[in-house]
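Below you'll find the structures, each written out as structure tokens.
Two complexes are shown next, each including chain A; its partner changes from chain B in the first to chain C in the second.
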Partner chain A sequence: MTNPRPVLFSLPYSKHDDYLYSIEDEVSIMTKKMQSLVCRECGKEYPTQDIHVCELCFGPLEVKYDYAAIKKEISRDKILAGPKSLWRYVDLLPVEGTNFIGKHAGFTPLVHAKNLGAFLGLDNLYIKNDCVNHPTLSFKDRVVAIALTRARELGFETVACASTGNLANSVSAHAASAGMKCYVFIPGDLEAAKVLGNLIYRPNVIEIEGNYDDVNRLCSEIAGERHWAFVNINIRPYYAEGSKTLAFETAEQLGWRAPDQVVVPMASGSLLTKIWKGLKEFEKVGILDAVPTKINGAQAEGCSPIATAFRNGRDFFKPVKPDTIAKSLAIGNPADGYYALKTAAESHGAMDAVTDDEIVESIKLLAQTEGIFAETAGGVTIGVLRKLAKQGLIRKDEVTVAYITGNGLKTQEAVVDSVGRPTRIQPSLKHFTQTFGIEEST
Partner chain B sequence: MIKVRIPTPLRPMTGGKNEVEIAGNSVAEIIENLTSVHPGIKERICDEQGEVRRFINIYVNEEDIRFLTGKETPLKDGDEMSIIPAIAGGR
Partner chain C sequence: MAKLRFHIRYPEERIPDPILYQIGKEFQVIPSIRRADVRETTGWMDVEFTGETDEIDRAIVGLREKGCIVDPIELNVVE
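For the complex of A and B:
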């Protein structure tokens, strides 16, 4: 399945990506802040290379940082003086240089959702709006910025991923801008905008006859055969760290405080664990005084292995075959499910799930109260937020942040039949008046 | 014979081979028979209780054995089995 790149885009990175402004001038980078990769299960350490599982116990590898050195370097003032992107938190990100890919990712709005809050009875509700992340309108622009930057540092020329759509869009766009070869693997039933959102960047798009778990299994096997940077497989220890920036930004935007409650959508469960990790890291290096945050997880009923395990009081999950409109969350065999359950328990958070109808209603509710059009994953988050508020698990006065991770224009199929049609009239004042009546004078 | 695909972390134990052919009538038998040819491999795949480790997924003909009958999943000549690290993915 070859797909030759057009000559126009074959220029090397350094000649066509630096014309806007240079982040390199704004960022000073610590050397050797990464000490090793360490197995979360048995503690065996490895060099900071392109490996993701422990060769002894198959546990996940995670970056081990020199927090004592980082604490001396990082400060609120240094962050405030940094670029208006996720790279302002570079001291806690797993890259070694400043030759960044994805220079404008992150730094999305934190919206005080007063209207939705009033509807739900929450006085301090905030929406972290990653619908408007750059360049592909989902939180995946964060993790991909880190993954591709690190992949290039490790010498890779080809990047790849297994994706339910948003990740593939982001990998495709960033690879195009960085002049890297790109292969994205997606399930065969994705929304049209998420398929188009790959093809436009001209990567190799491989559509698999199966669900995401089939895609993921295949990619795990391909990753063992090809020397490619699969961002969510062999580059996963670095890639996943990008999600921490959602926690860092939230704390900064709240005026250097951790929220009391967060509600996070769960697919693999990684995002939820990394938001917790990000807040705890800020505490560890002295940026935050305390982290009382309860971490709550949200899934769709049609694919809720993690939330089901939580509701049944288990610390392990049973894989499922996904059947939901929330395709971006349709991972039946979630890699970080075990750790997501641990995080909710440690932070005294909760987990719940919502039906497809509740997802659609919640997408509409967010749009009609806050003017934010979220994709199906956002409907899951808001749906579970509603449930938790109704059950009294989130109190009226608590500072609560709901993470909206993707843009509704990418999943139009989910709502197109439930939002009505435009009112169609002739181009005449008479027809307009006949339809809408005469405005009463005030 | 059953074709068994070996993940990168276990390849040092199979002489670098990414695929081996082994006889056996169930997943459990394959693990035992693999170990007789490649000593120590069972300890890497299974925990102290003999169960498949939390972070390993096993597939028979592309289906997760947890949707079949686990380690007792029967195998017949020509079937394919994959041993794959569970840690991968994320949308």
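For the complex of A and C:
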């Protein structure tokens, strides 16, 4: 089903109009950059409100920008003069004002991974380290900063999400700092440590008696009933755009160039598509000269619907029941799976998956070579990076960026049995010397 | 009358069956297919059901009893 002639519209009056008007006064140019929400399937356009699904074909909506207007505004110098956060790229983000939530999110280090590169035979390997994102140590701080800022612009006072980990942490923390009401929905059997990571920010945490499917269904229904900003449901078109900032930062930190290869972990598949979109947008508005980047996707074997489809040469995926230690990637029926496959094909990238044992080994390898302790998703990324390098799909001289999206302190249970124990000694120099074979100095 | 949207997946062995027609006969719901992709070994549909909420719930149970997997239109939202 296609609709090649987009329907133009005028914004209907809403109770938020007065609020939006005051923001327009503040920064007139920025209100013009978002043109509409557009259906990724049929092209039908909608106002930039809290809607996420096309009423005609039920396809997902995404933000459509006026790139010609943005090109006149944006420049490398303007970005360099901006805040040291993801908000330096505000010209390409789906917000209308400057009353930002999550002011310190983003602008994480891009580490030249010489030790890991030497191990893998890659001379120009970089790690984009979102383990240290602010405030909750995962890349979700990017998408949530955008989602909550936009939610407040749209007049929402309550935010919500369904999550088992990083997303809930980030929504809870940002809502606390912004003074917004927050509801977090979790499956009833979630580990205590993960629940604690949310409760500390004092959101309303709702344990649902049921499995993941039950949580999915209930949250979709609540999102339709209540005037709440469900960050990854009715605010999803804006939320997902936050992932582009990983691409923007990478290009800037590489000295205004696109990498030759990237390796991206895949859960819903959205992150991978948005990294591609971000690089292409930089090219479109004249920040980058060219984007030769191959976009590679990584999944865990225990939940690899997208990678499996790619390896089998299919343009569609079969949903699976997740069974992996990489919980943050365990989405069996990924919303953007089809688009991720399309992106990998379009960019001439590849996809692969690794076992749980390979994930653990890769977490340890990254820690022991670069001093970066990644969560299990990071192990997936490094594991697939190893595979692609070994297969010769990434060449030695290519500028390669691996995205590490969360901190290992959040998934310590994954490695607790494989890192050994401390060496225990008596509190004496003699015992220390005996244990380590070092001669006592005189 | 409620309108609820679902993503329905068919098991391979049920792809030739007129399941949505049967559901429309067995329950007081009106299905409206908006997008679909049905192939030899896999098939899905994005469908809107119009009817009383309880009746739609019964229709969903009916779909599941026929072997279909029914998700919200947003697919997995637990991240």
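What we mean here is this: the second predicted complex is superposed on the first by the 394 of 442 C-alpha atoms of A that agree within 3 Å, B and C clash if a C-alpha of one lies under 4 Å from a C-alpha of the other, contacts with A are read in each partner's own complex, and residues count from 1 in each chain.
The working rule: contacts are C-beta pairs under 8 Å (C-beta built on N, C-alpha and C of every residue); 3 or more make two chains touch, one makes a residue touch a chain.
Remember, predicted model here, so these are calculated numbers, not experimental data.
In the superposition on chain A, A:P187 contacts chain C only, with no contact to chain B. By the document's definition of touching, both partners, chain B and chain C, reach A:H52.
Applying the stated contact rule after C-alpha superposition, one finds that A:P319 touches each of chain B and chain C.
More chain A residues lie in contact with B than with the other chain of the pair chain B and chain C.
Touch criterion met: A:N333 reaches chain B and chain C at once. With both structures placed on the common chain, the touch criterion links A:Y212 to chain B and to chain C. Look at A:E41: by the touch rule set out above, it reaches both chain B and chain C.
Taken together, the two complexes place residues 41, 52-53, 56-59, 140, 162-164, 166-167, 212-213, 216-217, 219-221, 230, 232-233, 236, 267-268, 316, 318-319, 328, 331, 333-335 of chain A in contact with chain B and also with chain C.
Per the touch definition, chain B reaches chain A in the complex via residues 5, 7-9, 12, 18, 44, 53-57, 59, 62, 64, 66-67, 82, 84-91. Residues of chain A touching chain C in their complex: 1, 41, 52-53, 56-59, 140, 161-164, 166-167, 185, 187, 212-213, 215-217, 219-221, 230, 232-233, 236, 267-268, 316, 318-319, 328, 331-335. Within the complex formed with chain A, the chain C residues making contact are 5, 7, 9, 34-35, 37, 39, 42, 46, 48, 69, 71-79. Listed in rising order, the residues of chain A touching chain B in the complex are 41, 52-60, 140, 143, 162-167, 212-214, 216-217, 219-221, 223-225, 230, 232-233, 236, 239-240, 267-268, 270-271, 316, 318-319, 321, 328-329, 331, 333-336, 338.
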